[in-house]
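Next come two complexes, and both contain chain A; in the first it sits with chain B, in the second with chain C.
Right, the complex of A and B next:
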């Protein structure tokens, strides 16, 4: 019963993961067999954090990925709760229809999202600057300026993913007993107080789960960068998934690419552990 | 409460509701707008797509761009490749996930929870972490630049095992024991007795897997090494864009994107209940 799944995941996930760790200590070209690898200790790690162009590019990509991930999570979580409340409430009809519209964007291939948004962002022929003009805001450079390109990709990512997290938030909301709100109303708590002292604390576990998934999803962003910006302008959208693939596959520097992948994995473990520790402390308060 | 205050509070309530309804409408419009723009642009003439300020509604909607897509990429072949990749991968995931999910839910053996945790941990591993060695491994298995190379590494996944275990755990043991008494084999029990009682979860997993692998881009791009015969539609789309750079034709790109979006979106619209129920179910039980 277990053999097929365990064998497949073992061979195609766990073995490659261990190989990535092993290769990060090796000098190895991706075009040669693993047996050609030669041990170099911590050289790869020294190089990717060093002062050369390899180090500069990696550190930029790591920082860009951190900013991109943080912004995605910071935008997605509050929006998912707000939208979840809109779907869950019973005062105004149309909640289920709203859920359908929101969730449908999650089904759209990222490549199509990237293509469509590159047109929406187009400075002259795109509708976004036209709409901004209507409310008196001047044209924005969006993807063409190093100052706004990464944020522009965050926006399209949030647009695509927020529906999924809205459904997660709704799942959390359905778990909160209605009797708590009734009791609070009797005690004279207004809507804002109910949200602050009932909804938010009881959504903590849901939000933790959402945050972890949002982080894992965010570091996987690839298509908009590979297709539209190629990491530019001036490296401002060079993120790790794109950079690791460019170094490890296209330039065939397998050892260096693996060291970068190990750093990504470590960063994720640190982030997720910190999140769990934070929520555990809140819980015990 | 006097009549006056009652009508005042009702007015305040309905004012709040009007605000809420407006907000909901705005969110829905913002969410639907990019896809609407995509479809509208695919129906414009090349001149209309380049106009400044932009044209919202095409004056004379034309399907010309869709015809051109088939001239630039091998549309039938790409759609077929996507269908094969998504269908075969989904079938594999269903079988492996049901078997493993059944074992984790209904068998007890030493190291069960350790093995389960180890498998589930891989759910949180971004694919880029294993991409470089996996690329080499699949190459040395002789599977690179082929559909098999895209499919084989994805025939089992942790999410499927997790989802199946969650739902199969709810199937009564008596049902399984009764079948065992009758001498039914374990595989027969799984597919004839357990599977029908978790059918909605199986449907949800099938839909998730199909959409995920229809949309998947990074791994096919890496493993195919430019073999255009095996390109799924999502990768063929990028060729529309590079074609586009010479002679600007936004309509062409938008028509291609529309075609790629349609199959997962249609599946979702008709079967969204399963998607939502399974997310809610796995989140609550998990």
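Right, the complex of A and C next:
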């Protein structure tokens, strides 16, 4: 009974992917039928890695996406484990309330998050700068500077996503048998040693799953950029999904946009495969 | 009476009622715009007036943010179910026409437009001599300044030359108060490029000449250097310059809250200024663009908007759309000899482009704020409408923003801008 599932996957997953790969070798306007596409070999790939504005903008967007993804994962995973441990401790008062609050940020629609955070980040009247002013720190440019704009979007992403990953971490923690901690306590292991030699190793699979989902979510980021920064200033928040939309839809350059999408897909495959390989190596060690 | 008999009677009654309801509004057309809800309400009221005279046509209005307008037109305009009418920026027309997304105007509409609008505006709504849209608004850039800040800084009159402009910007800058002399814009292509282009043409230069980029001229070099000077001297602070998807944001907030002395901006933001400033709007004055060392007199950049019809829409929908647009832009549809479209535009402080509309709104166009724009219209240079124009504009935006943030020198910015523009326009022309 695999045939229907295979057909569905083929139609809805493989065909669009193969079509994108085919289009990446074509000169094609998104406003014309596929029949009008003309084969150009590797020209689109040469262009997106070339020295012109097309290449420069693509490479900047690729780098921005990589930085955004790396920072998001680096911040989200440890925070989710820390929050997970805090909430999982049964003796902590208000654990359920904290879990609800953490998860609620994940349920807020991005449009609302974007509206609120764009005001929080306002350089002149924003509450964040006012709070910093109370502790003697001068106003920060946040979204108004190419040096801090991407980081500001990362903070917004971490704020919104960390609750979801905390729930995943809690699910992982519940899988660790309590008897292991009891035995370790009898053997004289302190809390730090228990975390290092029991919790972390046994959370590895959960963390791998969380890392893969966090990477995919981060690579697909679109709304905060489209709603708040439009890729600026100086292209500092121009991430690949937003850039592909600009090239492929606004400028109708379907061939170039497809080549960019293929590169994004390849980068994601390499990144996730490397992560699996790393964890497998650790497992075999 | 049996149930069967009642059913037959009900069916007969329904069939009789059909022509009056279902058939009465047999053509549904939609209008896509980026206007605010208040302005959309005015357009909906005009559509309702049209439908009174044309009960067979139902018009719905849909608005998206400016930043999403082109994408929406591109992604939905290729279908017969996409918006029937779209309000577009003239820079987008060559590529939308090339991709056959917009329909040529019928002969009667084209003849009317050619006789009732200035030739330059008609040309911006045409590609290869074929008219594609009915022009409505024309926008032009001028220097906006805060009279109260000028008075505090001891500046008697708005700057007429670049030397006076730099001097005024320096006097208006007060870092302790978080105040900048001249406000640039970033994160919004037209907001970045048009003020730069206005200064460039007031220095005798051009963005594009004879279809080729002209950013390698000495006049352009001086304009890039002017930006560098303003940034390096601290008279312009890029951190106060960010715009968002609705073309508002900190750059607007800083001007309305009196933290920016001068800005080069278009007439259409009158409504945003009034909303943001309230009574303090009286502090805002308009002056011509300061003239550069190579310039002869103040010039500025102008651009126009028009309404186009979806080429993929059905025949009946296209016919109804052109009829509605012809009515909307006709002097009989508005008040006192103005078109309904011009009444809507004037509610936002936008200059109408139809000759009879300019005459009909003469009094309001003479207001202190708008008269400054009307006076520079005659010497304005249209923003070059060429294939690849939007990409060219976005590329120049990136270069100017890099200059604003000190990532490149004026010399490198000029070289990059020319090289990028050459490659973009050559590719688009193929």
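Please note the rule applied: the second predicted complex is superposed on the first by the 272 of 285 C-alpha atoms of A that agree within 3 Å, B and C clash if a C-alpha of one lies under 4 Å from a C-alpha of the other, contacts with A are read in each partner's own complex, and residues count from 1 in each chain.
Just so we're on the same page, contacts are C-beta pairs under 8 Å (C-beta built on N, C-alpha and C of every residue); 3 or more make two chains touch, one makes a residue touch a chain.
Everything quoted here is computed from the prediction, not taken from an experiment.
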- Message: Contacts for A:30 in the overlay, against chain B (first) and chain C (second): which applies, first, second, both or neither?
- Response: both
- Message: For A:245, using the defined touch cut-off, is the partner it touches chain B, chain C, both, or neither? Pick first, second, both or neither.
- Response: both
- Message: Tell me the contact category for A:111 with respect to chain B and chain C: first, second, both or neither.
- Response: first
- Message: Taking the superposition on A as described, I'd like to know which of chain B and chain C A:268 touches: first, second, both or neither.
- Response: first
- Touched partner set for A:143, first chain B, second chain C, both or neither: second
- Looking at chain A, which partner touches more of its residues: chain C or chain B? B
- Message: By the touch definition at the top of the document, which applies to A:94: first (chain B), second (chain C), both, or neither?
- Response: first
- Query: Which holds for A:130: it touches chain B only (first), chain C only (second), both, or neither?
  - Reply: first
- Message: Is A:227 touching anything from chain B or chain C once the two structures are fitted on A? First, second, both or neither.
- Response: both
- Thinking of the overlay built on chain A, is A:206 touched by chain B (first), by chain C (second), by both, or by neither? first
- Task: Starting from the residues of chain A touching chain B, keep only those that also touch chain C in the other complex, and list them.
- Result: 30, 124-125, 226-227, 245, 249
- Residue ranges of chain B touching chain A (in the complex, touch as defined): 16-17, 20-21, 23-24, 27-28, 30-32, 34-35, 37-38, 41, 49-54, 56, 95-97, 99-100, 102-104, 107, 115, 118-119, 122, 124-137, 140, 152-158, 161, 186, 190, 211, 214-215, 217-218, 221-222, 234-235, 237-238, 241, 250, 253-254, 257-258, 260-261, 264-265, 267-269, 272, 275-276, 279-280, 283-284, 286
- Task: Over in the complex, which chain A residues touch chain C? Could you list them?
- Result: 29-32, 52-54, 57, 118, 122-125, 141, 143-146, 226-235, 245-246, 249-252
- chain C - residues contacting chain A, complex: 67-68, 70-71, 74-75, 78, 95, 99-101, 178, 186-188, 238-245, 249-250, 253-254, 257, 259, 390-391, 394-395, 398, 401-402, 404-405, 407, 419-420, 423-424
- Note on the structure: The answer for chain A against chain B in the complex is residues 1-2, 4-6, 8-9, 12-17, 19-20, 23, 30, 33-34, 83, 86, 89, 91-92, 94-95, 97-105, 107-113, 115-117, 119-120, 124-127, 130, 159, 163-164, 167-168, 170-172, 174-175, 206, 209, 212, 216, 219-220, 222-223, 226-227, 240-241, 244-245, 248-249, 254, 257-258, 261, 264-265, 268, 272
